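There are structures below to look over.
Both of the next two complexes hold chain A, though its partner changes from chain B to chain C.
Entry: the complex of A and B
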């Protein structure tokens, strides 16, 4: 019950974070709008879907890769600054607050992503397939990303280092997902671009939902995601116990 | 009867002893002033008391129950006003109280009522729906206190609650503390402002380097260091005859002249004030006379060798 209450208040705080909103909601919408002018009517060769659909999926998942900064910022603000003394004095486990941050940041990031998804549906008629499955995939990817970032902030000594790791992680995901340039040919690079990062794994699942093809790839991605989430949750608990008194 | 009983508390950070065999009782209904220079161990003591962290040896009882780190049952009855302003700046004053009240188990109408009462108590009712970012320093401090009061704790720990605010807000806060105490709240109060302790505390504990070096009422502590009293006299004509007559008084140790001012230092409780007055009258007009007694500041300086506001704010 307390977890729900705390999550509610953190969610409320996030609604007033206008910078985060601008970066993770307005910026992707703006970029999609610009790229839509370029992608106008084109078809993505390997997938056989409109280029606009691929742009939309890529943009949504690209920004999800950086959504973990929310978790990082709230963990720092509430549990690693002077605020921690107030939180620690409360009759409420610190881990509860950390979970509340994780839950609300994940849901908020999901909400932002879904708003972008709806924007692409209503404005550009993008076909996302089954929206229930899209919601589930976005939720899963978002949760894993928040866990990655919470590991960064709890696992390293300096917050600045965690920030750099977060930025590096996001950029590495996009690079491995071949957003800017294709990776060299060969089975190793093909594996890297398909299964090595949350961005590609998320895309695999969404493209399978849109096209109804490559279901096997999507299932493997799902299994990797679940395994990854479990491992990250365990390491987050370990780092949390070490860092948060 | 004691609300807090600390016995032989030792707390170390690696090889550094921060609390060294601390014994301390806090009685129900008192305001205990905790003084100490930076690094004395005050904040560590407070954190151990509030159950924020444990200690290496000894025992703490709060409300007759053994205190350990993160014991929720005891934490529910304690309020901690932190040294820094610890508010959610992106929640309104009312929402801040709703969050903290909720954590302490308040809900529904009871929570609403408590929020309204607490905001009224600290004088922030009109600002309930504003974000603390728009508050003055004094208002933030008051909200900081309100967050620790919303659940009506029986024992309130205040760690320098008036740092960096204007005199008007300070007075408001001090009055709030007096009222809380009158309503039965036991308060542990630390500050760098000695006058606040003089105004509020029924008893004072002075810490230095992890030890309690003095414990008693202000009068008791002053008596401990009071070896002499000083009378300051300003006269129209401080002649040598006058000085000689004063020197001959019983118990007078020293008479010093500084232009029209005469400083007479006597043994403690010599009762020389009346005699000084009558002699001075014989020699003409008295412009002013005052008897100076040691203050709490003098006690602190004598015992610790430091002024209270030396150095930084933090331990």
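Entry: the complex of A and C
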């Protein structure tokens, strides 16, 4: 019960964080609008879907990769600054608060991503396939990303290092996902660009929902995701017990 | 020139700054040539990197403002002009060294494939000044370093896309092709393209002059003394 209440209040706090909104909601919309200018009508080669659809999927997932900064900020603000003594003095377990942060940040991120998804549907008529499955995939990816970031912030001594790790992680995911430039050919690199990072894994699943092809790729991705989530949850608990005494 | 030397001390005291300054340029030297433009891709994208590096350097001025160093400086016998001039000069020197290393490495890695490294170096140096002016103007709008820097990341990418760094400007609708000339990145991309296609060096005049004009405009916007 307390967990629900805490999540609700963190959620309300997040609604007032205009900078976060500007970066994670307005920026993707702006980028999609700019990319739409040049994408009109073209068809993306290997997948056979309109370029615009590919752009929309890429943008939504690219920004999910950075959504974990919410978790990071709130963990630092509530559990690692002077605020923590106030939270400690409450009749309420500190781990509950960490869970609450995790839950509300994930939900908030999912909400933001869905807003971008709806924007692309209504304005650019992007075909996302079954929206229920899209929601499920976004939820899964977001949860994993939040877990990754909470691991960073709890596992590293200095907050600044954790922040840099987060940025590096996001950029590395995009790089391995071949967003900026194609990786060299060869089986090793093609494996890297398909399964090595949450960005590509999420993309695999979404593209499978849109086209109905490469289902086995999507299922492998799903299994990797669930395994990843479990491992990350366990390490997060371990780091949390060490850091948040 | 105490402020000038102090900028170096202050900036290089943090080891992470050195890494930040060199890791991205050195990494982008190795990006191979793509279908467009006919120049190693890293050399075309470099203007965006310069904007990012300049933003990191220019952050010092905002830091001075937020922790009230500027207020104390105004009580000292140093004019605001001296303060700004020496700071900007130091940043320009740092960025020029980075440009030099970048172009030099480019010559080693790409050899003949890199058309006229000297012209590229001139373009980058002029654009570094524009980028510094831009970061100064940008930071004059904000009060918090974190906010300014994180929003700037998005703005730089947007400017790169619209300005023809990521793809040719001709791919965009007619009305936008004219409008994006108001972005400094357009002129940086334009000038690297002129070098890439091997047209005459005198065509470079217009982009370079426009970049300098942009620099002056940004400096005028950003050099207003704000104490809070």
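Here is the rule we use: the second predicted complex is superposed on the first by the 245 of 245 C-alpha atoms of A that agree within 3 Å, B and C clash if a C-alpha of one lies under 4 Å from a C-alpha of the other, contacts with A are read in each partner's own complex, and residues count from 1 in each chain.
Going forward, a residue touches a chain if its C-beta (ideal position, glycine included) is under 8 Å from a C-beta of that chain, and two chains touch if they have at least 3 such contacts.
All values reported here derive from a predicted model rather than from experimental measurement.
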Output check: A:13 vs chain B and chain C. Expected answer is one of first, second, both, neither. What do you get?
first
Touch test for A:82: chain B only (first), chain C only (second), both, or neither?
first
A:34 contacts which: chain B (first), chain C (second), both, neither?
second
Chain touching more of chain A, residue-wise (chain B, chain C)
B
First (chain B), second (chain C), both or neither: which does A:23 touch?
second
Check the residue A:90 against both partner chains and state whether it touches chain B (first), chain C (second), both, or neither.
first
Is A:4 touching the first partner chain B, the second partner chain C, both, or neither of them?
neither
Shared contact residues on chain A for chain B and chain C?
none
In their complex, what parts of chain A are in touch with chain B?
2, 5-6, 9, 12-13, 16-17, 82-83, 85-86, 88-93, 245
Residues of chain A defined as touching chain C within the complex:
19, 22-23, 27, 30-31, 34-35, 37-38, 164, 181
Please give the residue numbers of chain C that touch chain A in the complex, ascending.
16, 31, 34, 41, 147, 150-151, 154, 157-158, 161-162, 167, 171-173, 176
Using the touch rule from the top, collect the residues of chain B that touch chain A in their complex.
47, 50-53, 69-70, 72-73, 75-76, 78, 80, 82-84, 86, 88, 90-91, 95, 98-100, 102-105, 131, 147
